[in-house]
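Each in structure tokens, the structures are laid out below.
Shared between the two complexes below is subunit A, which has subunit B as its partner in the first and subunit C in the second.
For the complex of A and B:
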């Protein structure tokens, strides 16, 4: 049969673009299309005007003591962390920003934005500025200044689109470039914006103007440049080393970054028992490698599984008898590696060698972690802990979330498992933990912790609190993940089974990734909730950003009198929380879009 | 025919299977030889899908025995995993993994079940994609492909394990009519290459052209068992005649 070729007209020819609508038409179509919509639009507008007037009026009022915030910025961020050690925190931030730059490059972050949309966004921002300046109680000078800025933004935004004309359809602007420009503006603002600070020679309540960040604008500028530099370094490295290997390395580095920063860098550590721990580590690395190499060999068959099970029994037994924590952890780790051997490493020599390599890496990390956990802090403050302020908020949030994710996943798998014991235990845990308020668990962490762990294990307050935040959050995460697991069709499990995958492989490669992807919005909601719930730690005597803003700054009388600045500091704290929760939710949207690839 | 002398690769003996009170298989006894292409036909609910799902233990039979490539199917998990990696399965609903690219769909099991290095698995994967005619789709996600393309990926995914037997559970039933042919062509090529295949299908043309044997199922038993020629031109049982008169 000869193939017939039917020539169809191009789609574009069939559907010419609708004529552009003017703003008046748009408003009529979207805001005033019926009586009720007109009423609701006007009502919404009224609420917006009242809110903006009230807010700006509050901020600009003469009696506001904003110098209470600017003077105490350091206190809000890191509380009593000693000034002379602050290089440690800047270095920590440096590590994070370098990793960020590299990761952006390796994960091909940021798409292309249409110039027309960018132009419209700029114009909309200008319009918002004009709106605020007009409705809020500004002075005449400020109003004129604001109108000029807004006008420039509108003209620039719309003008750029007009200038590009037809080319605007094809041209693109990299999203990362826009982000870099916005961040650059923020950094420049640190140098340029003047804020009131107390006049050291003036009387109480008098203030003068100074740069918003006299001591930190330098470091922030350096960090900004470092991030951009590491992005370009990442672009270069991406061409030199395989992308997959680079990503794997970055994931490991990100995972390690938190303990290294919090336990090592920020705290400063004088290691104890180095010789003993290193000996144990080397012994386990050597003997363990041989054992794993032996057991992962497919030729072992039944015997291998039996021996690995025996190792697990020994590991569990070591927690009942008296032994070093390091040895107990190592035995447990060895048993898990031995059990996973046939699943992840059996067969080819190369995979077995890689598996043994992973084992040695795990040993090194465990020894390092235990050295950190038992080390003595070098940075000294008047508090029990060196951590405070927004820094503490972040430590609790990241630590809690990072620990609760694996726990939550395991609980969710347990609750959906076919094994009755695991199902029952998981269900009991989840219902028990969710049934009690977080504050209660925080009190438990401080008061009951030493009794709960009778093995002589005890941590400083932030560690205990982090653990309990993780325990608490894990129960909620488990329920979210369970929802995702139940949404996966039976066909997926059958297809994985039909390919001969083991239950573990099926869970790790097929069901879990899909389940987690399906519940990203709920997971991000949980992350945001934990981030804000960390403010509850004030109840157990830790000084997080909210505690400082509420109880410390408004009671300061020396060297400056900030009595009665409660509302200012609460607003400032709220802004800090809001900035980051907003960023989280944006990232979540991006993530959904990226991972939703192909599933439409 | 050379199949006459080939060794038995699947032996079902008195296989019975209940779903609750409903008996889906009422004692199925049949033997399938190496390189044989068996097409299973029958009305809905007759137990034909259940039989091939029992062969790789997606369903467990309750009585009788099934021996695949010399290994009897019991509750022993390792036997089951071993047999499953030797028996490829293609589903009606494709069941591709939507979060993985086409290439990752194909290489996942060879890498983790067969422990092949990634390079080797990807090389095989590319060869298989060429064989099913869609090498250019390797880096797309299943959701971006048409139904016919997805089913061809599913066949490639099953073949990547180098199975000895391929099971097809109504592989064209979920496809738009114009995509059925592209999948059947791939299956035909596979049959000619000497693969042992059991195909549950409603495609009578495929059965007539490709099958070595046709099994006609009804009410959980094999009603008719013979060559396509015998089945379509000279069926023995009234039930078969009725069925053929309704569909042809």
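For the complex of A and C:
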């Protein structure tokens, strides 16, 4: 007997909206619903009031030397980077913000927010301001000012909700617009907010009021406008060129942005051995193209692989005999391209032409990188390198992650491989690295690593540390990627095998893309962890933002006396880290929702 | 058009997948061997240039360091200094793990509270602590302790609690002369209490009715402990027994231990291979072994043989083990005197003038929590608690909603529901990730180096700065942290297995 299907109406559509609850009902439901909850509420309120009072009292106390932070903002951000070269860093930021604006447009970033929620959030912020102003030990003037701001926010937020009324249900506000407004407020604050700055002519302890960012408010405003402009440029470009091609180009640009900014722009490189390197590059591009074209031809068959294997042997041998590093790298790259030929370029003529094009691009990038690595920095500082402060923190984090990514993927593949020696070596590496704390690896990078190289070879400290952060992060990344690889259903590999794919084809085209997609949130988590972990370099003597905040600012006596400002500077450093990790963690949550991880 | 016909001929070796795979693996091994040998040769020349030879002599030589806190402030050998550092690491790790678990669970539950303000406080705590680097927090706590009063000549004297810029001092009970004899009573008491608890719980299940198993077992333990406090000298007879065990181990010839250990290694390898082969056996006979299986067996066998060879050709290992066992029982034997000395001594905090300059210091008679320990402990505890709280929250949310509804339906209060239904089930889910957090906490104690807390890393760094023995110190660090991680994860795995849901 066939079951009769009863079609129920969709409940959400028919259910009437619950009547709005008054604040009294809300408090009864959420704060005072039982005796124990009332006690907890009062206890929580006490903790909150005491904490806010203590915190604000600490911040406003007379003996706090917050001018130690405002005066030293430059030091915290870029340390000893010379002022006359600072246009280089602004230009670098400009590149990043232009790319950001374009990417936001091309990836359709930002959803729609309900205006009612936005209005409530604004009102809640106002309520919080009022609460803080009332409980914290402010002066009367500041208290009145705070109450006015809080009141305005509450009225604006609730008023907007009330005004929109019924229309608020359908209307939406783009999230990007809200972000742009908030950023605009921040930029305006740079012009408007006045802070006490010690007077160079005045005596110790005397200070005068000045803008919070006298030298940087101009550049930041320009950057703000540039970002908005490039977003609209991106919207325009999205209609002109195919979206896929635009995204690909942006990914390439993002990837190249880091070496270009850090190694080229920030250092202002004077290239060495240009002629020699260019000759080698051109030779490899030409001869290599011919070799790859020849070997990737399906007609070669067995011969192609055999010769590619021979190339690999030659490449490895070149590392034993003395040769230019560039030639060694090129040979290795050529062998890998030749080995990959049948997988990636076997078949149509067009694919082969594209493959040779990629080879030429790889040669250009390699030569450029080697020129950068061997070049001499034109920007001179008193330090070993030009990098310091928060800038160094970012370089270590991005460099570490970027280098660790390929290593992590290879290790994950090794650990899930069916080949026992690969699996054994990967497992040993991963467990060894993960079992030992990062600080010991950093100490190894400073004291043991240099012993392994001839006396002439001298890595600068940031390079050594970045390398070891990457080694460390790779082990954790590998475990994340392994999780993704193991989550792929067996049917996928079986289907690939049934289609006659080789192991390499199956890995590159079927399993890896799926695995990486599944672990994107975990990878962002890894980025956060590494960003925080870079603070450890302060222990091994690099001048990152923490080292400056802890060891330099609180010991300054000339021209201003900032002795005893340790807690202030540590709090400021904490705030800088917090802002960015918090943003990252929100991005991670968004990605998780967007990709629907764990929802299937 | 040519039609290819499938034949059963073996493919030529250059197309044979097995051969190709092994070739690729061997090429990698060869490459790594070349790299390692090159770097080793380079390292050897560099070390020679610097006039250092790496060895183990520094372990016996007296180091020129004094350790700020711990079991040995003036160690007489490098090994002893490292040992003191290890004890300090373990002190912070274990106390931190306990505190972080409790705090993290409370905050995790608070994060899910229906009470708006409790919920928000927990959220703010987690979002603040998680997003600031641990090192910044530790340094901040170190800076916070500086606001407490400094010590000078005027502050000399005793008091019940001392909170100063040089650390916190609280009253404490320290083991004294009769402690080990009393400890025997405590162990007996624990065994008896366990027995009582077990019996009474059984009774409760069989006959029904409350038997107060927990309270009776506490009574039993306390009674035996109190009786033991007064009659502990009767345990003095253990002294000669331990001395006897010690001299027994002293008399064992080293060769015997070497043979024994080598035999154990070989036996373990053989047993593993046998078990592996057993697991491969199917009703239809032995399953076909892949080359991967062969590799596993050969690898394990090889490892067992290498282990056995190490025990045979390096007599130092066996000798050290023998010496350690002998010294341990010797130490125990010396602790059983038979005199009636109080097992514990009560000490109160004091400030005294110490050192050459007569500086005011906290007396180390009472328990002193140094600024370094305070900062590190508070830092790692609060930091790990934030992560544990998120895990606990996830675990509670993962418990089937029907369980809570059923609990409420049978009339449990919210507290009872949490205690008897939700938390036990959540515990099972959260154990593996919390174990990971324990490992992180254990490794994060190495940040003590930034606040001059003498853990193994800080002591090791001081030693290699003096002696130049970087490489051996690094090896010891790795051995210690890997062993610690292994022990911790085996403990977590053990409980994980015990708690696993046994499905029908």
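Please note the rule applied: the second predicted complex is superposed on the first by the 548 of 600 C-alpha atoms of A that agree within 3 Å, B and C clash if a C-alpha of one lies under 4 Å from a C-alpha of the other, contacts with A are read in each partner's own complex, and residues count from 1 in each chain.
We adopt the following convention: a residue touches a chain if its C-beta (ideal position, glycine included) is under 8 Å from a C-beta of that chain, and two chains touch if they have at least 3 such contacts.
As the structure is a prediction and not an experimental result, all values here were calculated from the model.
*Asks:* In the overlay, answer first, second, both or neither for which of subunit B and subunit C A:550 touches.
*Replies:* In the superposed model, A:550 contacts subunit C only, not subunit B.
*Asks:* When the two structures are overlaid on chain A, which partner does A:595 contact: first (subunit B), second (subunit C), both, or neither?
*Replies:* first
*Asks:* Determine, for the superposed model, which of the two partners subunit B and subunit C contacts more residues of subunit A.
*Replies:* Partner with more touched residues of subunit A: C.
*Asks:* With both complexes superposed on chain A, which partner does A:175 reach: first (subunit B), second (subunit C), both or neither?
*Replies:* neither
*Asks:* For A:495, decide between first (touching subunit B), second (touching subunit C), both and neither.
*Replies:* first
*Asks:* Between subunit B (first) and subunit C (second), which, if any, makes contact with A:134: first, second, both or neither?
*Replies:* In the superposition, A:134 contacts neither subunit B nor subunit C.
*Asks:* Provide the residue numbers of subunit B that touch subunit A in the complex, in ascending order.
*Replies:* Contact set of subunit B toward subunit A: 56, 58, 81-82, 84-89, 91, 93, 95-99, 101, 108-109, 112-117, 140-144, 157-158, 161.
*Asks:* Could you pull out which subunit A residues touch subunit C in their complex?
*Replies:* Subunit A residues touching subunit C: 30-31, 33, 37, 40-41, 44-45, 47-48, 302, 306, 312, 316, 319-320, 418-422, 424-425, 431-432, 434-440, 443-444, 447-448, 451-455, 528, 532-533, 535-536, 538-539, 546, 550, 566-567, 570-571, 573-574, 577-578, 581-582, 585.
*Asks:* Considering the complex alone, what residue numbers of subunit A touch subunit B?
*Replies:* 343-348, 350-351, 489, 491-492, 494-502, 505, 509-510, 513-514, 517, 595, 597-600
*Asks:* Under the stated contact criterion, what part of subunit C meets subunit A in this complex?
*Replies:* Contacts found on subunit C: 14-15, 21, 24-29, 31-32, 34-35, 38-39, 42-43, 46-47, 49, 113-118, 121, 127-128, 130-137, 139-140, 143-144, 146, 291-292, 295-296, 299, 443-444, 446-447, 449-450, 457, 461, 464, 470-471, 474, 477-478, 481-482, 485-486.
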